[in-house]
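One chain, chain A, appears in both complexes that follow, with chain B as partner in the first and chain C in the second.
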Partner chain A sequence: MKFDRYILLLILLILWQVLCGLEVIPTHLLPSPFKILLGLKDLVIIGMPPGHLLPNHVLYSLYRVGLGFFAAVLLGIPAGLLLGWSPGLRRITNPLVELVRPIPPLAWIPIAILWFGIGMKSAAFIIFLGAFFPILLNTVSGVLAINPIYFEVAQTLNAKKKDIFFKVLIPGSIPSIFVGMRIGVGIGWMTLVAAEFTGVRTGYGLGYMIMTARDIQRPDEILAGMLVIGLIGYLINGGLKACERRFVKWRA
Partner chain B sequence: MRIADCEIKNNIIDFRDVTFVFEGKTPLFSDLTLSIEKGAFYLVQGPSGAGKTTFLRLITRLEEPVSGEIRFQDKPFDSYSPPVLRRSLLYIQQTPTVMDGSVAENLLMPFSFKNNSHLTQPGHEKLGALLREVHLEDVGLDDHAMNLSVGQIQRLCLVRGLLLSPEMLLLDEPTSALDRESAQAVMALIERLNVESGLTILIVTHKTYGQDRIKPRYLVIEEGRIEESS
Partner chain C sequence: MKKFTLMICFSILFSLQIKDVVTGEEIPIRMGYLQSDIHQLACWVAMEKGFYEKNGANAQVAGIFKAGPEEMSAFAAGALDMGYVGEAPATTAVANRVAKATVLAQVNTEGSAIMVKKGSPIQKPADLAGKTIAIPGHSTVQDFLLQKALRKFKVDPKKVSIIVLKPPEMIGALKTDQIDGFIAWEPYPAKAQTMGVGQVLLTSNQIWKNHPCCVLIADDGFRKLRPSHVEGMVKAHVEATDFIHKFPDDAVKIGMKYTGMDEETVRTAMKNVNYTYELSIDGETEYVDFLSRLKYIDVPHAETFVNRFIDPGVLEKVVGK
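Right, the complex of A and B next:
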């Protein structure tokens, strides 16, 4: 059955709705699923704050996450390939990577505001930091996981280093690169709310929308916003998985 | 085994006092001096761990000696870059390895390497003919290479190497995963290339040689020495 995997989710939603109806769950803290759907409708029609409609919040957030994520991809993948390729480079950069990697993206918020001011750049920078390290480290481990026999076979078939890099190393590390991208975009979404905490001058963004809903005590709209973030993250993950299936057939 | 002599122009490979050692171990070869004659057909034999594979890897510069000199066509190895050297000396590993793609993509993959740009990419007809010659008539060019059996992949790797027109073929157990009939087809092809095209052949094998079209020369590796025996 195609939909059997959603059965547990459905049961939990029904249970949640029933418990809210019986007032076992205080709805001012956790509204019922139905109330959240009504909140979602309000977000689409009325907006939060009023006039700032959900589709626009989504577009602005996608833009920020896209900017941070693509910067992480553009820097993380080539850097990861080079670090995987060169043991010397890996050895030199390892202390720096291991020092910076454990710093939570949220800890960067004050310095991001100082560097980039309040707005798009600082938000994208925070998302970039969340996405960069998973992409970098998965790319490195993808290169290191390639069976050395592939490099040797390419060598015996007269491949130069450049050919080995582009025709063995890159295709061979694609599965890990995609894993890194999926983790990276996931963390990017996770840091979105915090990134939009830094202030959004446009008044748009899912994180901004949720924080505004909190200010006026609308838990239904807070949860509806969270649901939208989850759904978009789910769809992006699905899209990347579909891309992965297309590319992975070329792996070494 | 003929003792190396740089005046003999008919040698394709010369080892001069070559010593090779894996890090932290006792030398595998010490002061090894020998020559491989151009156009000859050699079988390399010896007990497991004697250094048969390492011998082939030294010839193709996948390993480097700690001392001594290896020469190709009377010039030191150092005067060739490894990729240029390997245009002439083709080594096919014991572990047959293909990329994740079709049979045709695998066979033609080396032609995408810049170092092979001097070669003309063969058409599908030639590929099909070569596959038939090694008893791979059931394998289509569009078949997925990773779905083939180990024996089929082993023959596919041989065909992939032959398409690069080497001067010397170094094969590590090329028939280890093959049934008798397929092994005979592979050996017949190698023999034909040796007789008709003058391809120098060096085969590591544990099997006894059952063909009688040519008389192979035997190189026996034992305790760090390589001796030629009949």
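Right, the complex of A and C next:
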């Protein structure tokens, strides 16, 4: 019964196809699943805009996300560990974090273009903003959630501050760091598509591809592009979950 | 008896479509146009001077759009009855069977320009090779014009890097050297000039003389349901176009109000636009051929499509031809 969880999805797809076939759903508003698959085929073979093939769009988008996400990991995790470790630092930085955090990454787009120009850097910056705060805050809460008894035991055993940091604090906060990374990459991935809506220098990117399909009025290709985005997000989340299981064996 | 009942039902349905059931008031015509696009001046003149009401068309702005494809998506969603929009995005949407609409009148011909930075080494079209040029979107009139210019002046299109930017962002990008040039509808080329940022490399007149640009379109369902209102809208459009020619100073003021730009920019922009309601069948056929070549649309017989897509009947009736 491995596939029973997909039954509902399958039923919905069949129903959708039948309703489109009977013209209950206008296909110019919502193309049928079969038409979306044909759109996907066109994206792979012809490309959108023609000549710009789907695999390249995927690669460029993954590269942008990778760049922004790793920058967020490199800054967010150490900063989160430090803020979790030091109440004084946490108190000083809290107003700044709480002021900047609610600003939607998309609101930064005009500023990002102004600062970093059109292209890779500005898109990576938007993704960085989307991924940074979930990673930072989850790392902080991961540190704060460590049972104080571990610190007390380490201190009783005359452990140095460096040892407590590396042998208690970091391993103790890893489960929460992974949650932050999963949320961060998800938000980064969502922001990427919007970040690619304007000013893509290379002519590649899934967001750019979807906007071009909109310009050329191909709802089948728009939905096929959305499907690809969903699938990649699903795979990235699955990959991070697998990493989490590997690194946080005691939790599994 | 059956026929009589059916007739009654149809009459009620028809009246429901044009009159509000509760208030009994006439349902307004939902109209769309492009934001800050000086090509749409006739629409703004008609609104400001009350030409729509005068001609029995109760038009109400239902959407102001940043680009033609967005407006055509609104037509597809059934959110607009009539609209001022670029001929290329309208063609793409109808040919791809997303929207069902018909062109009733021309709005303007020409009115775009390829701009480069002031003092740029790009002095002639051939210099565009190896440069980055911004367009407002794929399948826009400007996309078409750039492709046509490259071919006309024998520049390999593969050697030009094309990026999509919305016109308000283009001047800033040109100023900061993020792009080498852009093609946009007026008044953005004029604005780049008056700001001292850009200079004209080619006007669209030099690329394709008298090329059709924006058109007045109507949703097919609406056209069948309310023909007298469609005629009123076309009459108002003709009157507004004549007004622009007769009273250019007044038109400039209206242009300033709707674009938010200064007088010098609006006057410079208007010099580059030819306001006309005369339809261009040949021009539309060329668009269809071009869009098919780029694989944006799949139309086997351009002429058959054009004859269905453009209906000069209402305009001929209005101008008495």
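The rule is short, and it goes like this: the second predicted complex is superposed on the first by the 249 of 252 C-alpha atoms of A that agree within 3 Å, B and C clash if a C-alpha of one lies under 4 Å from a C-alpha of the other, contacts with A are read in each partner's own complex, and residues count from 1 in each chain.
Basically, contacts are C-beta pairs under 8 Å (C-beta built on N, C-alpha and C of every residue); 3 or more make two chains touch, one makes a residue touch a chain.
From a predicted model like this one, the values you see are computed outputs, not experimental measurements.
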Which of chain B and chain C A:117 touches, first, second, both or neither: second
Touching partner for A:216 - first (chain B), second (chain C), both, neither: second
Touched partner set for A:28, first chain B, second chain C, both or neither: second
First, second, both or neither for A:5, with chain B first and chain C second: neither
First (chain B), second (chain C), both or neither touched by A:46: second
Partner chain(s) touched by A:246 [first = chain B, second = chain C, both, neither]: neither
First, second, both or neither for A:208, with chain B first and chain C second: second
Chain B and chain C contact sites that coincide on chain A, given as residue numbers: none
Interface residues, chain C side, partner chain A - complex: 67, 69-70, 72-73, 76-77, 89, 92-93, 96-99, 132, 137-140, 161-166, 169, 172-173, 176, 178-179, 294-297
Residue numbers on chain B that touch chain A, as the complex places them: 60, 62, 82-83, 86-87, 90-93, 95, 97, 99-101, 109-110, 112-116, 160-161, 164
For the chain A and chain C complex, residues of the former touching the latter: 28-29, 46, 49-50, 113-114, 117-118, 198-201, 203, 208, 211-212, 214-219
For the chain A and chain B complex, residues of the former touching the latter: 147, 149-150, 152-160, 162-163, 167, 171, 249-252
